[in-house]
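First the structure, in the form of structure tokens, and then the observations on it.
Order as written gives the chain letters A, B, C and D; numbering starts at 1 within each chain.
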């Protein structure tokens, strides 16, 4: 094992997959010579050259379209979109083209394409650089949506995403880029579609994503001191959802809290709650509670009031237990 | 040019015309679901351009894409079956007229989103460069599409990276029910090429030989690694935007007038003059085409309507 | 009262509001001379002239941006985007600009802007002309999302949307354009944010949107013959959701089915189910069931298998009752 | 030109420079949250352009928008308070450096999305036409932004409708860490104007008088109803893309070289030569600006940090 930061785990994944498979290439704004706005692609140009590491103009729709065309011809593009908020300028290419190509053309093509993009607040980057929009993409058949929270998962899932023959929206988190964690020295993959029990517990299930996994673990530690044993599940993949792991946990705890940084209303938590309310309502001993951002844009210098945190999770868990 | 080439072009233009006429008929009978956009009057463009392509070249297409797919070599039976939405169609009935793709022919898909196919064409071109082969991509779109942001982003990137794409604007003077002068101040859209540092040419899109000649130059250029270009072919849409559109926004006189530019008649006249064709040949070609179409229609109508079993298939691999 | 079609009710609303308020103008592709792709804007050019009824190039981002700039200056633009699927080409303008302008600039601007767009299948228009994407926009603070099902509601809600000082995404339904219904002769409004009990009943609550309102009413008729009394609630507004009407009904029936045409997963039904599972789980005597489209793009000639219908609602209601 | 005008322009350029220098200092001390993009080296562009505007004209802005807002007349105290994210800021601390809008001055907002503000500028221009007044809109954006689809769509629509907008490209040769030649093949971006049928000009953006002169012509044109235009001002970004960017991608020599184009020194030299200024005047101006900045910083630092009570405010009316 070795300790790496989340951002460097991404770089390692890109490095290894590019070395492993010549059809993998990296494309995006400032990814080659500058090594990426958040330095995720640092060193790739030096290692793999201009043919496979491509700086582009600020033309997101053209970038994603290019990647799609290339993917239909057997290449495996890894696109970087600098902030998740900017997926909005290439939404047609992602939703109407990339996601639908395989299905609408009757299976004639494979679309092995990864779009990496960072979500989330924490940098006071304001309303157009801080959003978490993953629930949109989970509503789009044909895409997979992955959202890892740790260096271990980000590396293993990125490698798995690059090897997947389907389009994957790979949602990183800016606030986690500096986070350190252990990863194996050797090659490993983390399977898409599998949630991970980050901390077992018997009293309440907390299903969390991305940064809120860490907030939930913190909450679990706090609650443990009060004798409450929380099970923290890191969803890791938003689409397809890992029903099984969630259901198993809820069967055990009978209490469910979902925690994400995205706006609570119409977020990922809604689908998880609905799924449980649809298929295992009798197991529940309490309302399904959701922790998420309030219904506002992400305000610049009020971000700290906006971002959901460990305290919110503690409060929700206690409310679920008090029921 | 070899006589066979000329005759093949003549055959293909006529075939596209007759296929679309038949599609209109069948559509009017209510046998074809969805939207149909025919390109009657515009046949010289796809035929001129595609006659300059190799079978392994790529083609990115639009909603008005029957002619291009056929000119690139689409099998009429599978084509017709897709228009009907049948199992033996190119896309198993999931695409229809607006989305036909033929992977084996490099036809990477018609697109229902105006301008949506332009960025994708960069990708096949990029793949050629990446793999070190010399397959060229032709990307078709309409005059209206040149006002979408994707047009701009794509041409800039293609020029910058010197990608082997020929951007072919089929300028029929209309974007749905809106004439060109209501969607741009420009007369010739090919001057937009200068904005990207690539050559742009406007040609008479009703003259298949002129289209072919210009396309050959630009395709050869791209194949040699000299980069992309913009080819504007001015032509005319005879019928409505989609099947069922009665064109109330156009005067009867205008609709008559544009027919005087008939690219097929023009080409036939030339071939007759040059004695490459005689009237009997034309009759025979017509008859051949008719029987091909009859066969394709019969094939399509016999092909099974897709059942629910395919509904969940091919969302993912 | 008089009978009009859904599409003509829209035209009437536009006409009346333009006559009433000179700051209202209509803008979009083919809306002026051609009178709109679906004829919603027919006659407006003749009535109000080129200054107020504007045909545009195919440049959706520019259209929405223009409308936003104009709205900040006190005009009241009504934009038509030809198919809901094409909101993807102007997503940044809608989500990052229009929705956030008031909030991020600290309340300096009002943004009275309506974007009309038709969703839904039924025309075999294929994967890029048939989507229902309303749940995306309900996840965006700063937008209101309206989705009327009847001629009465479409007229009253469009008038209310035009008079609203906030941006409204107004989701029409192509398959309903031909539907006839009664509307008053005189001026009336339907308030944004109020659901409507389209049919009272005591056994099961069905919350439905747009075309599925009619399918649900049909289901209710079928079920009535079997002695089952369904309460059909037409949501009408997706954002803000009318919790009160839904909760009142569920309190009465204890059984909830949500029905929409959008893909079931991560759709509007998820939020409604989650809301109920969060705040009134003890009232429930059965799982919350959702009727929605399967997790696939909208296939061309398999649309009839894809579209949810009255039978699906009947099945769900029976399942809820059998529980 | 009147002496006062010249002196006012000199004052404003210097003010922008000193304000941004101070912002960099304060940012380095960790007192300003978020991202900061300074325009040091580019001051001639906003000052030249805005000196040709009327107070009631509109201005659409970019992420690198301090200079434009100040040149349009932003109150330095409220401006600084917004940079600090305080309650007395123009946007009550919800916007920050990247999103300042000043409704009373027609500054309709900086934009964090590259190219995002271009379409919006059409709207204020449209409102002028609709209301029958002669307020002009200036829309600022960078060289990198000219590759976004919104640039293209907006310029076409503006030209078509003859909207009173001057599109002002501040070409500093860089899009973040990517030089112009890596984002487009073009040398002069103003030739893109031809794609829309509007005039385009490229000027030395380090010469405030040249910028003003050209802007005056184009703004007058727009005001008279003669339509939009594209003004490219070539200038230099001295510092990194954002505060904290050490510019490792640029040679020390290049960074030094661009400083030789200092628009302020150049203008000062001229004013000194023409005896409009003497060294003491400059000192006084510097002192005046310093005290204004001190005052603004004190104001900002005293202004309350927004509390949770404002969080849910102004999502809707």
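By our rule, contacts are C-beta pairs under 8 Å (C-beta built on N, C-alpha and C of every residue); 3 or more make two chains touch, one makes a residue touch a chain.
If you're wondering where the values come from, they're calculated on a predicted model, not measured in any experiment.
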Of all other chains, the one whose Cα centre sits farthest from chain D: B
CA centroid of chain B to CA centroid of chain D, Å: 45
Chain A-chain B separation of Cα centroids, rounded to whole Å: 40
Chain centre separation in whole Å, for chain C relative to chain A (CA means): 30
Geometric centre distance via CA averages, chain D-chain A, whole Å: 36
Contacts with 2+ other chains: residues of chain B: 91, 93-95, 99, 111-113, 116, 147-150, 153, 156-157, 160, 182-184, 315
Shared-contact residues (touching 2 or more other chains) in chain A: 56-57, 59, 61, 85-86, 88-89, 92, 96, 103-104, 126-128, 141-142, 295-297, 299-300
Touch-based graph of the chains, sorted into line, ring, star, complete or other: complete
List of chain D residues in touch with chain C within their complex: 60, 89-95, 99, 101-103, 108-109, 111-113, 116, 118-127, 130-131, 137, 149-150, 153-154, 156-157, 160, 313-317
Footprint of chain D on chain A - complex, ascending: 29-30, 33-34, 37, 55-59, 61, 85-86, 88-89, 123-129, 294-297, 299-303, 305-306
Chain A to chain B touching residues, read off their complex: 25, 51, 56-57, 59-75, 92-93, 96-97, 101-110, 141-142, 144, 165-166
Interfacial residue positions of chain A with respect to chain C in the complex: 85-89, 91-92, 94-96, 99-100, 103-104, 126-128, 133, 135-136, 138-142, 239, 241, 262-263, 265-274, 276-279, 281, 284, 286-290, 295-297, 299-300
In the complex with chain C, residue positions of chain B that touch it: 33-35, 84-86, 91, 93-96, 98-99, 111-116, 144-145, 147-150, 175-178, 182-184, 249, 305-308, 310-312, 315
